[in-house]
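One chain, chain A, appears in both complexes that follow, with chain B as partner in the first and chain C in the second.
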Partner chain A sequence: MDPVIEVHHLTKRYKDTLALDDVSFQIERNAIYGFLGRNGAGKTTAMSILTAQNFATSGSVRVFGENPYENPRVLSRVCFVRESQKYPDEANAKTAFASARLFFPNWDQDLADELIDAFRLPMKTVTKKLSRGQLSAVGVIIGLASRAEITFFDEPYLGLDAVARQIFYDRLLQDYAEHPRTIILSSHLIDEISNLIERVLVIDEGRIIMDQSVDDARGQATNIVGDAALIDGFIRGREVLHRESLGRVASVTLLGQLSAEERREVAAAGLDLAPVPLQQLIVRLTQRSGDAAGTSTISTEGALR
Partner chain B sequence: MTTATAPERRGTGSRTLSVVRLQLINTQSFVWVPLLIMTATVVLCLLIFAMIPGDGLKPSGAAQAPLWYFLALGIQAMTLTFPFSQAMSITRREFFVGTVVVGAIGAAMMATIFLGLAGIEMATNGYGMNGRIAYIEWFFEPGWASAWLTYFTVTLLLYVIGFWAATVWKRFGTLAIAAVLTALGLALVIALFVITRTGSWPAVIDWFAQTGPFLLTLGALLLTAVLSLGAYATLRKTTV
Partner chain C sequence: MIDDGKALFLQIAERVEDEIVDGTLAEESQAPSTNELAAFHRINPATAAKGVSMLVDKGVLYKRRGIGMFVAPGARDLLLAERRAAFADAYLRPLLTEARRIGLSPDDVRALISEHATPTTP
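Take a look at the complex of A and B:
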């Protein structure tokens, strides 16, 4: 493992709330992370501290092995445009990008220009007159075109329409393939980004409750699709995480894996094994961790939507 | 730093200069509005001079109007540009130095305009009406260079006060800045009270006259430096 970010026992306390509660994790070089959690879970606080925009109450943060605070060596390699980013009074998209070009050494103007076209972003409208989606697009373009070695995207899709979101996901993957770097995508739309991310970091009530690769996460469960009555025969006491049915066809997600023999039986019965939907899995695991910590299930109901 | 993905990184000095360019995104605020206020002030003064009968000296204190605007500019430089500077991965120190440099550039611009106006007033006998907007005799006693420095210092001082006040507000909240301003106001009133009660006004005025505009300007410049350091100390732990 080659971590670019190391967080040890990070705690952040605001006046009456504990935003981060003794959090420790590492972020590997050149991977796309899904930083997932409900609103108010501590995602933005964590990213702010990692980029020295905010301060830890206790604990330590190392980015590229150094403390990021007042450290231009570290900060010039990091990009974090927050979800509610403010811009200078007279700034428009054009001046915002011209500024980003000054400060991010890897800035790619061609990529920025392509994205401006793709998002149909008006360049001369002052930022305070831009719509929510257009503001998100400004942040997304700065994040992508800065090509910083560590890039944080803070709920980048807010206000973006379906087409624009797809453009973002496609361009992110494409550019990541050509210029590998570390990308941390904060989101609560898990399914939408589940095909993008390689690792998941789930935060809930200021604690990291899941930190593993997407494959490992999916490996914890099984998804069987086919005749509803036949599927029931394979549940065999396993916990059902999720069930969807349409007429007689159902898609059932079970916690745990099937044995090799069971897999053959599933195939013989004419049923299919499908990829486990990450969102259902994480919602369920989040709720379980809530139970384990003694909080009620109700508090996490409708989680991560 | 030889790979294509990590080109030679520019030093922190050039990043500070980039902050100057970042602040100057607001050219309307930093250049055009002060010029507009200046022009409006001059026009209004000239009209008023023309209304006043008699050939006596007609001094106008209105010239301070564009200088006060720098108080607002200092506030804006903090509240509007600091959050964006954080997104640009700028350190607080780079942001602070660049922002003060921008203020100094603006102050130099204003001081130069004032000296130009003072020159016109001298050459035209106060616009032909014996009016005085920029040529305040006392400021110019030690010489024109000193007068330039006086205008420069007053402008920069107001800018730094605005910047610090906005930083205190951003870091500690509305109540804190209200408390600070109230305390300052109280201190001022107490000082005035003590001077009045002890009958020290002649002594105070005498002291100002004795010290002279040049030394007072240097004192104000020192005060500006101290306030800047205070602003920087406050900014170091300010969050977006």
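Take a look at the complex of A and C:
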């Protein structure tokens, strides 16, 4: 492992709120990460501290092996595309790109020009008068064209329609293939990005609850659907993430992998096995950790969106 | 197109295998590159690379230095043998499970197969 970011026992407290609670993780070089979690889970706080835009209460943060604070050697190699980026009053897209070009040594103007066309971005409108989607496009273009060694995208898709989001995902993959670098993508649209990311980092209530490859995550849970009595026999002694039933039919999400033998057993009993999509797994896990802490409110499928 | 449950790199490897099995990708012809697979399937290049390297380990693809990946001689026979071995588990078991559920005996299933089988050979 070749980490570009190392976080040890990071804690951030705002008055009465613990935004990050003794968090430790590493980010590998040249991989695309999904940084996921519910609103208020601590994602933006963590990214702000990693990019020296906020201070840790305690713990340590190393970016390229150095402390990022007031450290131009680190910061010129890192790009943070904020969800609510503020621009100076008189700024327009053209001036925003001109400043980015000065700041980022690897800036690629040809790529920026292509993306401006693809997103049909007006260059002379002051940023205050751009739509939410056009502002997001400015951020996405800066994030991609800066070609920084580490790029954070914090919910880059707000206001972007499905076509524009697809342009972003396609261009991200294409440019990443040609210029490998570290990308950290924070998003609620887990289904949309689950094939783009290599590793997934899930934060919930200030703690990391998942840090693994997407392949491993996909194999981590299984849905079984069928006769409730048969299922209850089968799941005895296993960790159940979620259970719902309709009459005599139950649907149960189990944590852990089934062996080939167990799969045959399940199929022979007439029960149906279904994979658990990454989004559903994360919803279940974040619901569970909320329940365990006794702080869960109403849990619904849509809550993470 | 892409199924959520199975590891993505396995699905990508299977797509390449499908093309070898049905002859679209002939032996000794150049296989798609990792980046082509990633762009086409809209997946992470590392995932595509994992699928390709699995095919190399299996002896289905081989690398020609500086040129790219090629389909190994004998790859099609290898894959056919593998798929035939897995056929009963993958297709017959679910077929018979459903047949039992709806009250069709194995003889009924046999009759249905004869009725539906077309005389064309692959």
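In the analysis below, the second predicted complex is superposed on the first by the 240 of 305 C-alpha atoms of A that agree within 3 Å, B and C clash if a C-alpha of one lies under 4 Å from a C-alpha of the other, contacts with A are read in each partner's own complex, and residues count from 1 in each chain.
Note that a contact is a pair of C-beta atoms (placed from the backbone, for glycine too) under 8 Å apart; a residue touches a chain by one contact, two chains touch by 3 or more.
If you're wondering where the values come from, they're calculated on a predicted model, not measured in any experiment.
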Open item on the list: Is A:Leu18 touching anything from chain B or chain C once the two structures are fitted on A? First, second, both or neither.
Closed with: neither
Open item on the list: Output check: A:Leu258 vs chain B and chain C. Expected answer is one of first, second, both, neither. What do you get?
Closed with: neither
Open item on the list: Is A:Glu70 touching anything from chain B or chain C once the two structures are fitted on A? First, second, both or neither.
Closed with: first
Open item on the list: In the superposed model, which partner reaches more residues of chain A, chain B or chain C?
Closed with: B
Open item on the list: Going by the contact rule set out at the top, does A:Ala118 touch chain B (first), chain C (second), both, or neither?
Closed with: neither
- [ ] Kindly list the residues of chain A that each of chain B and chain C touches, one partner per complex.
- [x] none
Open item on the list: If we count contacts the way the header does, which residues on chain B are in touch with chain A in the complex?
Closed with: 5-10, 12, 15, 18, 21-23, 25-29, 76, 80-81, 83-84, 86-94, 236-237, 239-240
Task: Footprint of chain C on chain A - complex, ascending - done: 31-32, 169-170, 173-174, 176-178, 180, 194-198, 214-215, 218-219, 264, 267-268, 270, 274-278
Open item on the list: Touching residues of chain C toward chain A in the complex: what are they?
Closed with: 2-9, 34-35, 38-39, 41-47, 50, 89, 93-94, 97, 101
Task: chain B contact footprint on chain A (complex, rising order) - done: 48, 51-55, 70-73, 75-82, 85-91, 95-96, 99-100, 102-106, 142, 147-149, 179, 181
